[in-house]
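In the two complexes that follow, chain A is the common piece, with chain B as its partner first and chain C second.
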Partner chain A sequence: MLSFVIRRLLAGVALVFVIATITYVLMHSSTGNVARNILGENATAEQVAAKTTELGLDQPLLTQYFSWLGNALTGNFGISWYNSESVTAALVGRMPITLSMVISAIIVIALISVVLGVTAAVKGGWLDRVIQVVSVVGFALPNFWVALMLVLTFSLSLRLLPATGYVPPSESILGWAATLLLPVTSLVLGGVASAAQQIRGATIDVLRQDYIRTLHARGLSPQSVVLKHALRNAAGPALTVLSLQFIALLGGAVVIERVFAIPGIGTLTVNAALGGDVPLLMGIVVVMAILVVLVNLVIDIANGWVNPKVRVQ
Partner chain B sequence: MTEANSHVLAPTPRAARQSIMSTVLHNPVGLGALIVLACVVLLSIFAPLFAPFSPTEVRIESINAPMGGEFLLGGDGVGRDILSRLVFAGRNTLIGALIAVGVAMTGGVISGLLAGYFGKFFDSLASWMANVLMAMPSMILLLALFKALGSSMFMAMVVFGVLITPGFFRLVRGLVINVKNELYVDAARVSGLSNSRIIGRHILLVVRAPVVIQTAVVAGVAIVLQSGLEFLGLGDPSLPTWGGMLQDAFANIYVSPTAIIWPGSAIAITVASLVLLGNAIRDGFQRVDTGPAKRRQKRGAPSSPTEPASSAEVVEDDPNVLLSLRNVGVGYSAGETTKEVVRGINLQVHRGEVLGLVGESGSGKTQTAFSILGLLAPGGHVTRGSIIFDGKEISNLPAPAMRALRGKRIAYVPQEPMSNLDPSFRIGDQLTEPLRAVLGLSKKQATEKALALLARVGIPNPQRTFDAYPHEISGGMAQRVLIAGAISCEPDLLIADEVTTALDVTIQAEVLDLLRELQRELSMAVILVTHNFGVVADLCDRVAVMQNGQIIETNTALELFANPTHPYTQMLLSSTLEDSVPRDLVVANQGAR
Partner chain C sequence: MRSKRIVATAAALALALGLSACGGSTSTGGSATAGKDGVLSAGTLTLAALADNNSFDRAALEIGHKTQYWMPVFDTLLVLDPQSVPQPGLATKWSYNADNTVLSLTLREGVKFTDGAPFDGKAVAANLDYLKNGGGQNAYMAKSVKTVDVVDATHANLVLSAPDPGLLGYLGVVGGAMASPASLTAADKATNPVGSGPYVLDKAKTVAGSQFVYERNADYWDLKSFPYEKLIIKPMTDVTARINALKSGQVNGAVIDSKSAAEAKSSGLQVETTQVDWTGLFLADREGKVVPALGDVRVRQAINYLFDSPALLKGISLGQGEVTNQVFGKSSQAYVPALDNYYSHDEAKAKKLMADAGYADGFTVTMPDSPGFATVNPILEQTLLKLNIKTEWVKVAPDALGGQILAGKFPMFVFNLGSQSAWQDIQKVALPTSPWNTAKVNSAELNALIEKAQFATGSEQDTAMQAVNTWLVKNAWFAPFYRMSSPYATDAKTKVVLQSQNAAPWIRSYSPAP
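Coming up: the complex of A and B.
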């Protein structure tokens, strides 16, 4: 098991490295006007040249890259081009906000999808059709539009919940929950739409297996066959579905944060993207890649725990 | 084999395509989705004809105007007609989706074909690249690269196409690997067709349907993602887009809340019609490719007989008869039609007797066995007749009463040992769980009994097997474990379904010997389902021969081998004698002469 984790970890490090390198090269392929953009139209040629030197953009790409990589390995992602803030500090400050939203969403998605998906697989009938409809609706409605409609209904019309803003849990747990309720809800609909359908499929696949019939033939109760045996065997595919959902949620959170003016990684990303703040964007990409690798590692370990075959390999 | 021959075996493309088009059009959802999508596309293409105003025409007095004025759906934050912009925006949004789909499909299908068909180095490289591309949330990468890509939405959609290429790649690669080893493709290869012609003729045919469905889904994803980017303010402000309109409406949400509804509805309607059309096409292909036969296995748990056999008055008078089937039919419903696979059979099993149920595959033997157990596959049910076990009708028992019989009084040993053990639990758990549930033993008692059972069925190191997972033991061992499980509650009737078919020849004999010993020791009645007359001769007291869902001959084993009356039995017997001559069989035949 330990060597399995180490191998996965090494593969993850390689993945982060490849993604960082490709992104770095793509982003630095057109940095000619950066200094001019930062300083504005009125800056003199000398000021622009000085700024270019200051940012290291006059160096060969390879030199820039290795200097960035060396710093990044020590946890230093440089300084934002626009507000002179440390990128690492910005990431550390914003990350918990986004994570608290995404983790809340994935927990709710997991609970609803497993209950809906498994029940639909076992019982069929009207619940099965509900899931089909929900999956089409959830797929077709963009989550940020759902968010806007929620704001329209619950904040502007009913005035039940705050339309925007974020309260840290250290300040007020209730305030935190109130500010996250609508953002999380808008993420959950799309997530459930896709996850419940896939968990239903995975459960149906398991229920068709020969050993399920044999367990019935042994005189076990249907509850035991479904809740113990079928669930355990469907857990592997379900975990994979949820890990993909988690990655999708990280992307979805970007737009949702914008709607609700939540000061997380998403808002940071949008502002950095609009301004072309390369050091900040690089930091975000690397942190996201690391997050993805960690999530996949956790899922792999969990898979090893539910599936004895993985453990042996 | 000639080229023409190999084509006979391949699926026929033309007929399939025609019937798929017609199934989609006859499916109300498919037809509706197609009409809506066609409307969206036509409106977008001929936007200038339909839009009442120019998308850029500004009227100061109509800034954030409400619905129903000069501007039917109101005015936006700059004073432009929302309806006209909605119609024109369709163009830009659809072009963006088309770009992403085009890039992803071209790249994914080509690389998937190459990786799947040729494999090796290219496969490893492409699969690894697919993993890299799939790893990151597209939204974040696109945001990060947006400026570097020249702040162009179309360029962003090209990159998005690249990022979702793995979806097509994995789909196509998997399909190609599956179909590559099909017999008709082998035949084409042997007959000297070049690789490019095999891919063109046979493989693309298989890949076509799933790619079409995937395309619909990807187009939907692309529309949503593109709108998201535009909503964040990354689009070209001079071009009307649905996402850009949402951005404008969001900025004015306090002044003109309804403006949010229209662009969102446009996105939702377009994407939903794409997905529903994809679903309709998928359903169409399923119907054409697999026919109704496979659809019956769609839903969950086994069903109990729906039509109770009306024979409560029948009571078995001969106490020596353990199981009696009278005019039993088993059918599977697909839609309104029910297909009977067992058509009115009569069968008796006496206490302590071994009955062979013989016939070729598809003759209804296994379905008969499952009907006795009440474990027919979903959609299957007893259509007529009665099944009387130990004097009681059991074909219409409620599920809990039937469950009380299963395991304890009627046990089952399946055909395929490896697929009949739950891969996630240790052998020991799988043996003790029923012992505790059915016999109410304590954990300690159940463990002791399970270990004793494992020893009894001839497993050399019971403790080790007890602690093992199913994938850690051999097929022969697994079959012994399943036999141990079946006899663990000392049933009156054991139904053994082709128990030796999946095993090596030497192990077959051992397992048969074990079954014989256990049958005598526990004086169980056994129904031995088999297609092998050697097994019958070895073990059975009596034999029933099945053909096409009916029992055509029943007799004692000795009599049947000596004087098979039915021509089908004679044919089965003579075909058995050609490949193997079991010892008892020879004796039986010699005795007859």
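Coming up: the complex of A and C.
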């Protein structure tokens, strides 16, 4: 198991390096106007040139990249070009907000989609068809539209929940839950629709296996067969789809954070990308890439735990 | 079983109510009560701002939407009233010498910065010097100040390198913002503003990107002008989020857009408008170096006559604005009412002018295609084709648009530009060195008019500024379509008076609704 984890980690490090390099090269092409954007329209050409030099943008691409990489390897992502805030401080301040939203969403997605998927697979018939139709509809609805409808209903009409903003849990746990309830629900709907279908399919496949028939023949109760045996074997595809969901939710959070004015990593990413704020965007990309690698690693380990064959492979 | 359901329902309701009670801060902005010395106390004013704050560094302060972040903490030497007329601020009196090269200021006595340092002539000198050399976007506001002669603690003379008709206006915004001299170069200058303003930033409760919290400065010299005990500003980049926050009572005021104005009104919100930006074509290559046709004034005039501005206003901005052919706003010293309709839509006249100029078959022009103008560009292309002017679009990313335009890459382009004071606008668009004179066209005739305006005083200066404006319109340096209305919405508890040359109101302009 240890060598399995080490191999995965090394592959992850290589992946983060490749992603960082490609992003840096792509970002470099949009830094031509950064100095002008920072200094404003009244800056003279000399001032713009001086700023360009100060930011190191007059250096060759490779020099800039290795300078950034050297600092990044020591944990120093530099400071934002626009507001002089430390990139690390910005990430530390914003990342927990997005993660609290995404992790809450993935937990809810996992719970609901397992119940729906397994129920549809086991019961079949009209219940299966209803769940499938609901899943397809849920998948078809854009999350920003769902978010707006939720705000309209629960914030503006019923006045039960806040329409915008974020309250840190350190300030108020209930306030935190209240500010996250609608954003998380917006993210959950599409996720449940997708994951429930996958879990349904995986469960049906498992339920058709010979050993399931044998278990039934040995007189095990249907609940025991499903919960103790079928679910464990169907968990592999479910975990994979949930890991993909997690990554998709990180992207979906960009839109949801705007609709709910949540100061998370999504808003920061959009602003950094639009402004060509290379240090900030690189910091975000690296941290996100590490996060994705870690999530995949955790899922791989979980898969190995539920299915020993994976460890051998 | 039934009792379980009842308990479950009650628990769900209690949770929902509990959550709603704890669900973020709800704005108060309530009615004011009279307090000590007649100072009104009106609880908390919560505003949603369109943009986040970058920095409190004195040299990096910005105008526009970001004024709301720094105005609570930094007083200005002068205060611009809603019509942008300078009024006393930290400077109680001001006067120019005979040739407008020395501005004498009488400074308010007894004012202290929140670190205990006194506000005096030395503080004025330190602030203007820091702004001028600090490399910020608004360093130009102190550019004309050669030196500051500190006469004594309450008198300072700004010695100018040349008359600067925009200076008084600058002293009412970033140019006149006063920070404690010791804080100007402090390590935490970007996050810890030290001013003498009506509020103090509560650093403990402020979270960049989420909310900026300000508490009243109890020692402030003009508490009566600021009725709110507490101020919270929340950056919200999305207009839908701002409107939802307003409707749900989370904020008392927010900038909205013309497309949302009707919905806001129907929801019971108060909507006021001000006109800051104008939109239209910049006929930049006026000397015809890239597109020879644009060097002919008749071609530029033809383009002005071609566009049906009322239809554009209605179609693009839902009628939220006013048609104009001039780049100066209504509150500007250079504004001439008759120039708003100088080029009334007349396609036949436009075609005749093109024919007279020898361009009946039209020409081809390259323009930038950026997502911000996605709705306008197809209309421009179709309309220009009526004069056989073909458009070649160059894709430009939003963050690169300003830079590429200012670098003179395009002979003609559409843009939205803000209008401030007459001199500020002339500096922006009309001089050979102006950033928005992107082809750096140098007209001796125009320069003479500008010079005359610079050195004139009183009503003569008004006339001279208007002459500059008239020249720009007649020579068709631009083809403005309309001035856009910038709507600002408040809830029923809050009253606001909008600023003529800034989309976001000053903090002093808010008060509890009667």
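Basically, the second predicted complex is superposed on the first by the 311 of 313 C-alpha atoms of A that agree within 3 Å, B and C clash if a C-alpha of one lies under 4 Å from a C-alpha of the other, contacts with A are read in each partner's own complex, and residues count from 1 in each chain.
Methods note: a contact is a pair of C-beta atoms (placed from the backbone, for glycine too) under 8 Å apart; a residue touches a chain by one contact, two chains touch by 3 or more.
A quick note: this is a predicted structure, and the numbers were derived from the prediction, not measured.
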item	value
Touched partner set for A:L127, first chain B, second chain C, both or neither	neither
Partner chain(s) touched by A:V295 [first = chain B, second = chain C, both, neither]	neither
Which superposed partner A:L148 touches (first chain B, second chain C, both, neither)	both
Between chain B and chain C, more extensive residue contact with chain A	B
Partner chain(s) touched by A:V137 [first = chain B, second = chain C, both, neither]	first
Which of chain B and chain C A:K51 touches, first, second, both or neither	second
First, second, both or neither for A:V108, with chain B first and chain C second	neither
First (chain B), second (chain C), both or neither touched by A:P222	first
Contacts of A:R36 with chain B and chain C, given as first, second, both or neither	second
Partner chain(s) touched by A:L156 [first = chain B, second = chain C, both, neither]	both
Shared contact residues on chain A - chain B and chain C	30, 148, 151, 156, 258-259, 270, 274, 276
Chain B-touching residues of chain A, taken from the complex the two chains share	15, 18-19, 23, 26-30, 121-124, 128, 136-137, 139-142, 144-145, 148-149, 151-152, 156, 204, 207-211, 213-222, 224, 226, 229, 232-233, 247-248, 250-252, 254-255, 258-259, 269-270, 272-274, 276, 281-282, 284-285, 288-289, 292-293, 306-309, 312
List of chain C residues in touch with chain A within their complex	16-25, 48, 52-55, 57, 135-140, 190, 207-211, 234-238, 240-242, 244-245, 247-248, 250, 397-400, 402-404, 406-407, 427-428, 435-436
Contacting residues of chain A [partner chain C, same complex]	30, 32-33, 36-37, 39-43, 47, 51, 82-85, 90, 93-94, 148, 151, 155-156, 159-167, 172, 174-175, 177-179, 181, 258-261, 263, 267-268, 270-271, 274-276
Chain B residues touching chain A - in the complex, by the definition given at the top	131-132, 135-141, 143-150, 217, 220, 224, 227-228, 231-234, 246, 249-250, 253-254, 257, 260-261, 264, 267-269, 271-272, 275-276, 279, 297-302, 370, 373, 375, 399, 403-408, 411-412, 414, 416, 419-425, 433-434, 437-438, 469, 471-472, 482, 485-486, 489
